[in-house]
Amino acid sequence: MTKVLLTGFEPFDGEEVNPSWEAVRSLEREEVEGVEIRVSCLPTVFGKSMVHLREAIHQSQPDVVIAVGQAGGRTAITPERVAINLEDARIPDNEGNQPVDQPVVKGGPVAYWSTLPIKRMVQTMREEGIPAAISHTAGTYVCNHLFYGLMHEINHSNRPLRGGFIHIPFAPEQAVMGDHPSMSLETVRRGLLLAVKACRHEQDLAVGMGTTS
Amino acid sequence: MTKVLLTGFEPFDGEEVNPSWEAVRSLEREEVEGVEIRVSCLPTVFGKSMVHLREAIHQSQPDVVIAVGQAGGRTAITPERVAINLEDARIPDNEGNQPVDQPVVKGGPVAYWSTLPIKRMVQTMREEGIPAAISHTAGTYVCNHLFYGLMHEINHSNRPLRGGFIHIPFAPEQAVMGDHPSMSLETVRRGLLLAVKACRHEQDLAVGMGTTS
Amino acid sequence: MTKVLLTGFEPFDGEEVNPSWEAVRSLEREEVEGVEIRVSCLPTVFGKSMVHLREAIHQSQPDVVIAVGQAGGRTAITPERVAINLEDARIPDNEGNQPVDQPVVKGGPVAYWSTLPIKRMVQTMREEGIPAAISHTAGTYVCNHLFYGLMHEINHSNRPLRGGFIHIPFAPEQAVMGDHPSMSLETVRRGLLLAVKACRHEQDLAVGMGTTS
Amino acid sequence: MTKVLLTGFEPFDGEEVNPSWEAVRSLEREEVEGVEIRVSCLPTVFGKSMVHLREAIHQSQPDVVIAVGQAGGRTAITPERVAINLEDARIPDNEGNQPVDQPVVKGGPVAYWSTLPIKRMVQTMREEGIPAAISHTAGTYVCNHLFYGLMHEINHSNRPLRGGFIHIPFAPEQAVMGDHPSMSLETVRRGLLLAVKACRHEQDLAVGMGTTS
């Protein structure tokens, strides 16, 4: 049995919902063969989000952590490949913090790789008709902060924990004016479920999914 | 009782599905108070699509015709405002026709307005959390051909028929690489149902939904 | 000798420049074999823009009128194919007018075609390395208002006047944050000069430049 | 006197020009107070590009290396913030190599920061009316390969060398169909010149230029 902790975020930037938490919470009671799912909602706040994540990890003792966040403007579900040791906030977080050019962890390495089978995730989503792609930047805001913090935690833990981050598009109701692409909650839900299932495999696929720039 | 004929198109341009027909066919048995729905699938062929549409109108004797088509690359459900008397095909249709700078109807007027309550449709979709916007071009391919042909037919008919065209985005399974925005069949279905309901009103709303360019 | 009147617009929507006037004014003293160029700057105001255009036509007695306007967000120089009899303003014009669903000309036809050799323009621009495409909507704001008004004027004039509208992208200095595409003044200038030269031909090219939607 | 080595790439992916080399070569004889400019054209080939870069560095003994590459689809000049230890080629390079999930340097760190004053570059470009933004991914192709290789070299060198990478948009002649944004050679040239001038300062600006995702 693989225990997977899924996290979503609280709404930010004036939005009324955050599709990451809406999708994650909908998976709480989902039954997946060989997998036990735990969920947690994190504050969109530098620092505090990591405190909550550590608690959730402590409580649920997962084998895998998949943190999920909203990436307004994207067209696909995008597992992130790399977390960078940088905070550079374009807007204040939900408690008014707006760090510029700060490290997530002083003295930490420049970056960490995701240890999730991200290409397997993308491939199975595509096979099931769900738009998906690898992303090589999780931004420099709370999402990347949490992703880097998680990977740093994992690297300094004694437990064999795997982890990573997945960005998802706006929900349709956040994009009613037609100015941005969006993805329905149901599609995101199905995609995340396939991502969870992919975590039963430790090995990733070796297929090209890079970008020229 | 308002009788509404909904039409979708067959797949084209190498696609395996056309979300317009998938969405329209799913509404065939839908019960809407005060509305009777009829559906028809049209070939993506200049000329022949109009022949089929005329037959479908003749058979179902509708009060309203809503033709629906795929607009790959759009992010929202977009009721079209105006049909132009032009065929200028970027790619061949499903029978190899590729007219350049031909009129849909020789001697016909330059353009016809939609006579559907398009702003009411957009507003109710937005209120229900569905991305929607007015479009001012239906292109110059089979969609615009059918739209213009329909409006010409209506203008020369004795029956009090209203009609127009709605473009919808790619379905998710047409956009799995993440290169294009898409919209789930369920969201499109809900949107079209709201569009059908809006047709119980003859009067449109007078709210600004224009574009600067 | 072909006399060509080029018009640009004053800045609007909070912008400090309007690249249409910057480009047009730079062509005032341009020498083109067989062509005499006149330029005029029009107010971005419903109604008043047409008053100024009529005066400019009266003064310069051109054979061809090319009205130019800014289309923020576009990537290419886009000769417009069709003007529609509609004003539907998303934002107020420079004097606070914000018409909704008004005709440009009461009782006028739904639309007019451009009578410029727009495909020839696009083709020569492309051959010279300048991004260009036909557009099938000039929007529903002052640009379309002027375009429709011009074509209506031409249709009710005794003189053999040809005319149309060309939209151009933002200038680089309007897009410094990197959120929108832009085109340098010099590229626009070269493109418009090619458009002017194309007007020495009355016949357009019969090449496909349509869109599926 | 600060000696700056600028590099561009040979065309790739079927293109006939690479605007990075066109812009860089045009700066060869540019006189900038306090700066001496050297230029070099690199093959768009994994491995070999680094061999050429090392030679160019050896020959010109620069204080600063600015590698420049084409990023088709971008709207702005984008100094890159971080290079990652990954090769994942979507298309073959100019000699047919197409590595998947390979490190640039076996055993190297996950990533290196640029040591150029990238925010100063962006700010001065914006002040001069040139679209610019920080990018947090240089992709996973030859550009990132060279960027990572350069930073690794710098980190293992005894000389006080600073370096980094700047991506630029397509040239207009690569985007004539209007499907992609582009930037004129002259605008890119002016932008790179400002970037070179910014390198006279070792300290970067501490202003927020991050992204939420």
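Here the chain labels run A, B, C and D in written order, and each chain numbers its own residues starting at 1.
In the analysis below, contacts are C-beta pairs under 8 Å (C-beta built on N, C-alpha and C of every residue); 3 or more make two chains touch, one makes a residue touch a chain.
Everything numeric here is computed off the predicted structure, so don't read it as measured data.
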item	value
Self-contact between copies chain C and chain D, residue sets same or different by half	same
From chain A, the most remote chain by mean C-alpha position	C
For chain A paired with chain C, centre-to-centre distance based on mean C-alpha positions, whole Å	47
Chain centre separation in whole Å, for chain D relative to chain C (CA means)	38
Centre-of-Cα separation between chain D and chain A, whole angstrom	30
Multi-chain contact residues (two or more partners), chain D	74
Residues of chain C that touch chain B when the two form their complex	13, 69-74, 81-82, 84, 86-91, 98, 100-101, 109-113, 136-141, 143, 167, 206-213
Complex contacts: residues of chain A adjacent to chain B	74-76, 78, 125-126, 129-133, 171-173, 175-184, 186-187
